[in-house]
């Protein structure tokens, strides 16, 4: 199993969620994060003083899937999250060793 | 306010009691929210506590001795005699003009309270709460009471003919100068600038300040009629035009009009019109609104960052600068057809302008010196400033042991 | 308001000055918070700025020319003559009824300001701020001033006998219809519906609107006495019953009474009673409250989603619909024992109902056409709508460069 | 209030209409925000809804039958006769003292509303909304109306000479005792204590309560003049000193003065001075403020945790305790030179103290018993308490289907 | 070492924390997240318009432990987080390569 | 590639960010978290009732880097985040298998 972690633009969350469901994903976890990258931040002015905001709001989508779904899921994310502009985000893939469903005690593929 | 053989008018009394409520609302909650919303979240409760504690402390000190020092028979034009300590001899039937003396004294109490609270804006995010409590009481006693007496209570500036309808010198210049002095003694914050935690809170505060100011300026007529009516209208006119002016300058200078800018301009205009509100017509109000806002903008946005003190929420930039602009322009625009008590330069009395300048300078000098002495004493005894760690973690926790939001 | 050889009454003046403060508070901060709390966080500051800028712009335009166009001697029943530009000839002693003319004009100013601000509810989350500024001024000049003159300033609808105590036609129908027109020209938002960012803010706004409305309706008596007293009581009665009605319908229709529902019903009831508040007794108020709320509920919850325009915060659904219901029911429930100036259908005067319908239709038609022309002109010149990207990222950032919370 | 052949005074009327608006503001939005800010986020909307629904329900029931039961001619000193149902026979010209009867009845309405709303503080975070709606109506009818009649409406406690200027027994003891009873029937929350979701909201609420209380106590003079003026001044004095007292005790006892503490002390002082506000001078006010605050502090911080009921927001600890302290101290400090209607122990009339104690005990007993009966009936029929799951997930969702913030 | 990541119901946090401490865990990190899964979201109504809320509030608990504690920790989490109703959440186990304590520079088991 | 995850004190974020940039990192993601560890929480008092706050606010910084940068990045974090007081936080290192840039489809080292 793999954990696929995508950092995306916040307003793309609905589209990514729908694409993942269409790809057969049945669960996911999202977190509000702030990202620093090539997409430069911006400055805000309060009473004339400038505040440089380096970190931009992003959404992290985490989904753990069996190995055979990895490619499909990656493709869905790319298709749904892409605007073509800088700051679209990244996908990271990590190994996952075990999954357990708390309610039933089911493990691994059954638990996803 | 000499005792007169006069009678209470219920209409005048109704208006001044309500004006008292409106001015009370300006400190608590309005100014507490206005300043609180401009503060970083981690210190917002401390900012709020400085404001409301100032209100409570002044309220008690005022009935004990503040009122009699400010508004009782004059001792040589310098201070009121202490014969009305604890409101002694003032009773339910005592009259001041056409209103009960209790109403007059409560109305004046709310002015004293907000003046002290205003100063807190300069020192947020780093001052010890205990030091603030002591400062509030000393400053009320040794700065506010004398100055109020000089200008309004029958003291020497009143006799000299200084025009200050609702507090350009007594309230705004006084608070603005003291803010500079206190921030000099405190030193700069680790993290500077204004980083507003909650702009909607700033808007609630600013909105209630505007409405409360109808009582501040309109109530200063001390009666219900044409003069109060005029004061309310010019107040609204100057404030609105000042807000528009600030937004307009921002749009030209920086590209976008901001909410904080609109609120700042609004307050600058309210400050500017304060000394003039019972003397000028709407044309004067438009000029005073625009000029107060423009001068405060220049100070806050252009000049401030080059100065060696850290007046966090621009008490001097808004209240000091616009207070000076308004006090001086009162000597220009005072229109005798609005109030025969004031005739300005434009109506043939250049001398008034001169008196306005002199009286502003006297208040500036006095306020500067005495505030410095108070700050020095507190610094040398309990200390003025919190630990560096407290400042970084926020004063909510270090001074009050609370979180603003759970 | 012809000049009369009359005298200022301090009690009446006290009440109307305070009523002015109360109505001022309805726009800034109340409506700004009410609308702001109903807006998505990313655009909340823009919503607030539309409201407060409307207040500032109207305040200045009103003393410059709005007052004289609305309330001066009539030019053929259509518009006031411009002899009081910049409050020219109005001075501290000028009297209107038993109050200073300055008070009358400031009181009326606050009505003009909130009417413009109300419209903003329809266009939040997508309108260019610059377009809104221009719209505010043009709409005040070409829609509000004439209609106010017709109904209240001695114009032809006043002469026809239309009853509108505090603004059913002038304020609510007028704003409601213009809201529809402006949203038609603007187009729908990308993300529709009401997704309230901050319901406690909505409650602060709604609460201050209720209290402010005591000044709105009670102050429209232009004196302090039985009529003002009655107007305040029926206002509170209708508003409370309307809030209960909305909660009750929600409970039946949807299972749970909501906070937004209670606030919506409250405002619907306040709108409905506005034209009737100086004419009906508490029984009339209960009917008007219940019916306003029920009709607004049906419009907002059932009908609205089928319509081709996107009136985001239901300016038409609440103010237009309840404004029409209230204006018409004034012709039914006006009780001459409350105010001999109005006798409705139930008291034997079916003609009044007819006049109410006609006058509402005239205002609807005029408001529709002129607002459309104004919207067309702005669309063709500076443009009405922000970029799609701004709308998605939020108007706080694109229009004002600020974040609401840090 | 027997009909008198008297005339309306516009100044008195202006003040009491405004006082009505101020007291209205105390419930909606002030108390809703004060209690809301002290509630956990997940139930904040339910807390708000309990307050505003109480206001709406009381408003309607009051004009229907509450006013006539409370303030009409007495049936044996027990209850008003129902001849003014739906304000029947009260018209625009009816006078009560020097103000319109419509104003008197609306002013009294706002007292009834806040008294019911106060009770909600004890039962937040776990009571069914439907049960609260039913409770509000029954409690108004069977507890508030009789007690108001006894003390203010010409009933037997009034005849006995009990002094309660603005509601120590009728409002605060009454609400405080009922809060205990209702929390006993409801049981404790799963998660106890006060965990304030939003302290700035608490401050907005507390600030508006202070200002509104000027109308509460000052308006209870029912005229504009020296007595109203005195009531406002002593109210502010007691409240401010009470806030300082609480902060001071906290500093000594716990190390730091808190914002919630300042707000709690403020309200305790306001409650304590309420029955005394038209009878005592500033010296009496200082004592009452300090003692109310100290007793409430001891109860809330030291005693409360040992008690078997869960009065979540300390309705008894603040309103009950300070209400009792204030009612009794009125019998000590009532100064006949302020108001000849009241002479306390210190001015040679020990009997008054006795009357104060008796009348407080009577209200305590009545309120306890009848509230228990009402609670019992509701518990046995619709049930008082939400499901455990709702309580854990929060009442915003379970009772109203809304989130406070999106 | 392993990283154990549990997605749980928010009101279970206190119990899970206590269970972990009882199991010998000395440090953990929690994050507020939103979860999508079998537990369906709900709809909210504002002025009659329906908003479907797909994501429900959840808490993510992360704890890095030596290999020999893994089973014990999993058991504690299951025991304390379980309500038996849908939406109880899941436990994910990932490999962790190194741990360093910033303050002291200690590494791995010493640093946990 | 490795994922380096650091839990730090919130007021150190700016310094850590600058140190990472100086070390050649071009992207990172930060999350507000709450931490439990040796640094004890504190109690708060509301109207006299004590609330024990076990979890303290912390910032999680995540950065995925090629293997050859790992040591440098760890050092930068330690240097910039250290105050020497308890609660300074920890650094965790996990294996990362793949990285994809959504905008361009670039993978691994190119995508970082």
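Side notes on the structure shown:
We call the chains A, B, C, D, E and F, going by the order they appear; numbering starts again at 1 in every chain.
Quick note on the criterion: a residue touches a chain if its C-beta (ideal position, glycine included) is under 8 Å from a C-beta of that chain, and two chains touch if they have at least 3 such contacts.
Bear in mind the structure is a predicted one, so any value in this text is a computation, not a measurement.
Within the contact network of the assembly, the step distance from chain C to chain F comes to 2. In whole angstrom, the spacing between the mean C-alpha positions of chain A and chain C is 46.
One inter-chain figure worth recording: chain C and chain E are separated by 52 Å, centre to centre, where each centre is the mean of the chain's CA atoms. Here the spacing of chain A and chain E, counted between their Cα centres, is 18 Å.
Looking at chain F, one finds that residues 31, 45-46, 94-95 touch two or more other chains.
Residue positions 9-12, 14-15, 18, 195-196, 198, 204, 254, 258, 260, 401-403 of chain B are each in touch with at least two other chains.
Working note: touching chain pairs come out as A-B, A-C, A-E, A-F, B-C, B-D, B-F, C-D, C-E, D-E, D-F, E-F. Interface residues of chain A, counted against chain C in their complex, comprise 11, 42, 44-46. Interface residues of chain B, counted against chain A in their complex, comprise 192-196, 254, 258, 260-261, 264, 300-302, 304-305, 314. On chain B, the positions that touch chain C within their shared complex are 9-12, 14-15, 18, 22, 40-41, 195-200, 203-204, 206-208, 210-211, 214-215, 218, 223-230, 232-233, 236-237, 239-241, 243-244, 247, 254-260, 262, 266, 281-283, 286, 337-339. Residue ranges of chain A in contact with chain E, taken from their complex: 3, 17, 26-31, 64, 94-103, 105, 111. Taken together, the chain B residues at the contact with chain D in this complex read 8-15, 17-18, 20-21, 24-25, 28-30, 32-33, 36, 44-45, 48-49, 52-53, 55-57, 59-60, 63, 86-87, 91-94, 99-103, 105-106, 109, 129, 198, 201, 204, 399-406.
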